[in-house]
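Following are the structures in question.
In what comes next, subunit A is part of two complexes: it sits with subunit B in the first one and with subunit C in the second one.
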Partner chain A sequence: MKRLALTLLLASSLTAVPLMAADDKNASDPTAVYRTQWHKDILAGYQSLATQSQALETQAQTYCQSPSSEELEQTKRLWLDAFLAWQQVRFIDFGPVEENNRAWQFQFWPDPKNLVARKASYLLKNEAPITPEKIAQSGVAVQGFPMVEYLLYDQTFNSSENALPAGRSCELLAAVTRHIARNGETLATDWKGFQGNYLGSEQYTDTTIRAAMAGLEILEERRLATPMGLRGNGKRSVYSADAWRSGASLIAADASVQGLKKHFMPAFSKLLNDREQTDLAKRIEQQFEEVLANFPELDRPMAPLLSDDNAFKPLQSLYIDLTQLTALVNDRAAVELEVVRGFNSSDGD
Partner chain B sequence: MPELTRRSLIKATLAGSAALTFSGCGMLPRKAGSNSPQQYTGAIGLADGRFAVGAIAPSGQMLWQAPVNTRCHSGCNRPGTAEVLFFERRPGWAFYVLNSKTGEQRHRIEAVKGEHFVGHGVFSPDGRYLYAPVNRYEPGEGIIAVYDSHQNYRRVDTFELNGIGPHQITMHPDGQTLVVGLGGILTHPDYDRIKLNLPTMKPALVMMDRVSGDILARFRPSHHQLSTRHVDVAPNGTVYSAYQYQGPDHELPPLVARYRNGHYEEIDFGESVHRELGNYISSIIAHPENELVAIASPIGGTALIFNGRTGEVIEKSAIADCAGVEALAGGDFLVSSGRGKLVRIGKGKPGVEIANMLVQWDHHLV
Partner chain C sequence: MKTLFRPAPLALTIAAAMSAGCANTATSDSATSQPATKASVVEHYANLAHAGYEDALITAKALDKATDQLIANPTEANLQAAKEAWLAARVPYQQTEVFRFGNAIVDDWEGQLNAWPLDEGLIDYVQADDYQYELGNAGATANIIANNSVNVGGETLDVTNLTPELLANLNEVGGSEANVATGYHAIEFLLWGQDLNGFEQGNGERPVTDYAKGTGCTNGNCERRAEYLDAVTDLLVSDLEWMANQWAANGSENYRSQLLSANADEGVQKMLFGMGSLSLGELAGERMKVALEANSYEDEHDCFSDNTHNSHYYNAQGIQNVYTGSYRRVDGSLVSGPSLSDLVSQSNPKLDARLNSQLDASMEALSVMKAKAEASQSPMPFDMMIAPGNAKGASIVNGAIMALVEQTGSIEQAARQLGLEALSLDDAGHTF
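Moving on to the complex of A and B:
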């Protein structure tokens, strides 16, 4: 181990990272400098999620106190803002967001059995008051953005007698947005408190890179390829996408890519450059731009794009750009950095 | 996630590797224990994204690949017969009964309504009764389901575990006691693989009488989030269990426990070894010919051998995505990986790659 540490130290001294010369503690952990940057960048993302979730909660109360179509529209806008703030940090699958299944609380998905609708219907039929405790006990299908999306956007629900601003539906809206806001606030606070462990444990460098890899793969495979009919039974279906009720599947994909660019890439580019992978770092940065160039043109509902072959083409372009980005990060960079995400290591059994 | 690994496999093809390459010796060593067939069977992921169960002979040839509907996890050989069983990966809706010489499917037995398998099972020593851990998912109860192979795998009994999330099961050398890893984690098939009870887990190593279903002993790990998943028993009756820690990555608790002479104790390999194990053990095998025990961690990309009596780490090898372990005749172990590698590791013998195949070996070899 001593010898390995020495080699790493020599290697890093060639790349002349100024922080490391200044800090003895970091000398034995040359990747601490990247985690310092990641911690800061991810905190910014979590704080934005906390702020937007708080704004959504306040707006939901305003709307339910004096319902109007303008206030409803404003609630939808703020739901989207908060949901997109979540999309930006959705790739982080370790640390405080793992506790109590918080990631699942923010967004229960995929939902092939339509549990969100079933749970909503159950809660609305029930006589018991919808308290914060009730929401806390009701499971992840109730606790996050998809439930609020259901109340705001679901067509069947909106043509029923329970449609907002019906009293009990408003109670549910208020309680769920409150739950999201509390989770957002706790997550940002806990991430701050996690700093010592995150900076102090070298394995979190690989963990963070793996999180980005998984985020890209989920985006490519489950959020795009599956609804586009490129997997499984080969049928295009918007119901396999996330956020289909609000038509926000693609704008959410846009936000997730932007989130990786903002909260992951700065430290990752630096790491690649320090490992003399300058060309690869540049190619990845360029590929992020290629993917993002599909937007805002594609920031629109996915359903019409799936039902028309001509309209489908820009979606295919996005998909191809994204597969190239995933290949660069998950294959090229991962191999160079020896970060493994395997058949068994991601299984959990 | 199939796509990533498929891509790596395709890349391996492009890099020019043959479908099956052997480095070092061209023969796989014999499997330890005279009762089991001289072949290794495992669940595999194929390059095109489909799944199979495959067996390789000591010559290194793939004997057969049997197609299966979905990803499988582990299985068991049926003593005294040419049958090998494999279970679908959790939530497993069925198990397959295959001819172990040809791979031909004899039965596909579906789980009872409201239940799913968890990837493991074991036979009574006479090869008649199959004991399969099952999640009865509406009430969230772990049970051992008993099937009679003499009646075409009819379900004949159910034993309550009084706990949640059973995983691996094995037979004690006394032929009477079932040894069960009770993971303690509540899941429900409607909720993907979400862990629904992390704050209140009650994992345990459970000993059960295979005839009466009585629970003979229950040992709890030192922390309630040390999910007891995998188990094995040495011929002298020493029981080993391996954990998967559900707490934060930066905490490094013990991951292996041993029960012998009435004492249940955890084995501490020290912080640096624990770090290399990534808080996750996918297999534990006690060698039937010596005191050695091998474990593999795909998350840590580490396989190691320790002395079962002293707990001392004897040998350690970095093997990316390694998960399956088998004991070899002569005292060594065979480790398989999700990257198609078979690696031999033994006392004084750090890992030697003996085969590299274009398949992804899943968690276990039998």
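Moving on to the complex of A and C:
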């Protein structure tokens, strides 16, 4: 059960094929109105990702031209802003983000074998210049936020002779942030171009709901339960959380929930209300607030919370609130709306 | 039955032709030619599983014998024979992986046999500068062979006597899934050794003198290494014995009897779920796409032996077996009977034809991978296919991924066709 994000990516590429298009001649499309809203809300999220990624690229250049501890701190801040912008739209697992594995390009995760370190050392040892082409060919473990996080935060790396602002490491930093910025820009543009397709095809209503369901499930199972030791062998391990190097695992979870609230919930609430599920809509909205009430208190590194049973308690509260939210959306609402999950929603290794 | 006309892989065709003269009878439980029912299809599924695990057991026994021979007499020829026995043992086993998803009894058991990736430094010596273990794994460099006691995450374990039970209990020691002390991949490591070639040609190059007696011993602890190999192959045999019994027709208290006494819809659902899950999440996803997109040979399935292409190939074959209700045994005989294909064709022949041709297409795509990996002229094993910038390799792997993704779409449709939609909705996140 390692890389759920992947299974779902593959699964949604299946569902994008009109499998059940038996009555797609139906001229009236009662759900187009929700997709109109979703398209607009998701576009706002993608645009924010593009803007923040651009800012990160610019800052990385500034830092490498005249390195200082202030500029390094600023680079870290802008890395976090851009990373959190990604967390907000991370649940979208269909459409342009599927092309060329863009989701993995932004964030290859989980990475239990520490590929990111291995790839970094390989690129830094090598003599060949770190060009955009080189980055494009180097695989998803090189191309996204985790690589930048590694360069900025990894303790072993930062006590090595390659630590920033060493020349070659700066080259890598610049090239990867550039790659992220290009991807952010292309994604926003492509999402705009995807509008006709998205609005014109009714199956994307279910696809969008399934994406949110999967996003919640990944958050609950992979991003919280697994590092908390609630799954599998019961061992708590921060290494199975995302962004453990920067201590941003939980603030990233916060951002993902906010992202669902902002970019998914408006149209979804409307849909539930129109189907006379006003109580359920209200309960889901309230549960979002319950989850978010754990923050900003919990916007802190996860590792210390795992090593101390007292400190662990607020983490448990967050987890419980989140399971309740997942149950409401993935069980209750999905059943009411007859949204069927595809293969592999929860299986795996 | 149209599936009989599908070209079998060359090696199997030969095996079948050779054994045809030996009064070899095909097992068939469809002789009565009654139309297939869900109940008869599920029953035959259990027969397929039983035949598969029995073959896995037969070939594991051969492997056990070959490794005993190697231990008694460590020569190049005996090492080679042991490697060949390992490769042969993978053929039936990989075809049984389709039974894993959906049948909890298999899924709970299989880790001891087939867990991967493993941090091999738990077992034996590794070259440290080319060894990347799982983050936070306290047992990753424990080296059981070199030590009579190991300390994993503050816990000291006595490993003086390398018995099958001890090794089984060492799995996931220290709470890390990468601590795999037993199974096919542990044996593979003990025979081949670490693959230090990265994306280049070549696999592990363990010298046979790692098992030499007396002063000829290389890398130390040859005797304990031999004990380890002995214990771990014995364990493989007894594990497979247990699983074959679970599917045997004569056991009244086994898993087969549970499965057959449950609602047939449940059994059919397990079949389709197993096919779809192996197809999409596990094979196309974990085992190919991750490795390809991250250019990660750490995610290569049979990394020590470079036999990954065969692992994939026989996984896909297992999926096809379940749908067509047929399985070519290692002795060349054919097991066939009422199938999902029969069931689907009763109500939707078009869907059945499409899914059959998609399963064929997947086998074809994986045959390309297998052929390229085993080519006599400039072979390209899986770890070379996934190297950065290898466009040809990437297109072979992608071809296989796409074929598997497409067939999964039809598997989902077949589930709907057989009225299992409601089941999959209710069970989302639970028995699945």
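Here is the rule we go by: the second predicted complex is superposed on the first by the 314 of 349 C-alpha atoms of A that agree within 3 Å, B and C clash if a C-alpha of one lies under 4 Å from a C-alpha of the other, contacts with A are read in each partner's own complex, and residues count from 1 in each chain.
Everything that follows uses one rule, which is that a contact is a pair of C-beta atoms (placed from the backbone, for glycine too) under 8 Å apart; a residue touches a chain by one contact, two chains touch by 3 or more.
Model, not experiment: these values are computed from the prediction.
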So, A:T205: does it touch subunit B (first), subunit C (second), both, or neither? neither
State whether A:F94 touches subunit B only (first), subunit C only (second), both chains, or neither. first
According to the stated criteria, A:T75 is in contact with first (subunit B), second (subunit C), both, or neither; which is it? neither
So in the superposed three-chain picture, is A:S53 touching just subunit B, just subunit C, both, or none of them (first/second/both/neither)? neither
After superposition on the shared chain, which partner residues are touched by A:S138: those of subunit B (first), subunit C (second), both, or neither? second
Per the contact definition in the header, classify A:E220: touching subunit B only (first), subunit C only (second), both, or neither. first
Looking at the overlay, does A:S256 come into contact with subunit B only (first), subunit C only (second), both, or neither? neither
Can A:Q277 be said to touch subunit B (first), subunit C (second), both, or neither? neither
Which of the two partners, first being subunit B and second being subunit C, lies in contact with A:K235: first, second, both, or neither? second
Touching both subunit C and subunit B, counted on subunit A across the two superposed complexes: 101, 104, 108, 113, 115, 139-141, 217, 330-331, 340-349
Spell out the part of subunit C that touches subunit A in their complex, as residue ranges. 101, 117, 132-136, 172, 174-178, 273, 276-277, 280-282, 284-286, 289-290, 293-296, 298-299, 388-389, 405, 408-409, 411-413, 421, 424-425, 428-429, 432
Subunit B touches which residues of subunit A in the complex? 1, 94-95, 98-101, 104, 108, 110, 113, 115, 139-141, 197-198, 200-201, 203-204, 207, 213-214, 217-218, 220-221, 225, 327, 330-331, 340-349
As the complex stands, subunit A meets subunit C at residues 2-3, 6-7, 10-11, 13-14, 17, 19, 101, 104, 108, 111-115, 117-118, 137-141, 217, 229, 232-235, 237-239, 330-331, 334-335, 340-349
Subunit A partner, complex, touching residues on subunit B are 1, 3-5, 7-8, 11, 45, 73, 89-90, 118-119, 167, 190-196, 198-199, 229, 244, 248-250, 272, 275, 278, 282, 298-299, 301, 320-323, 337-339, 360-363
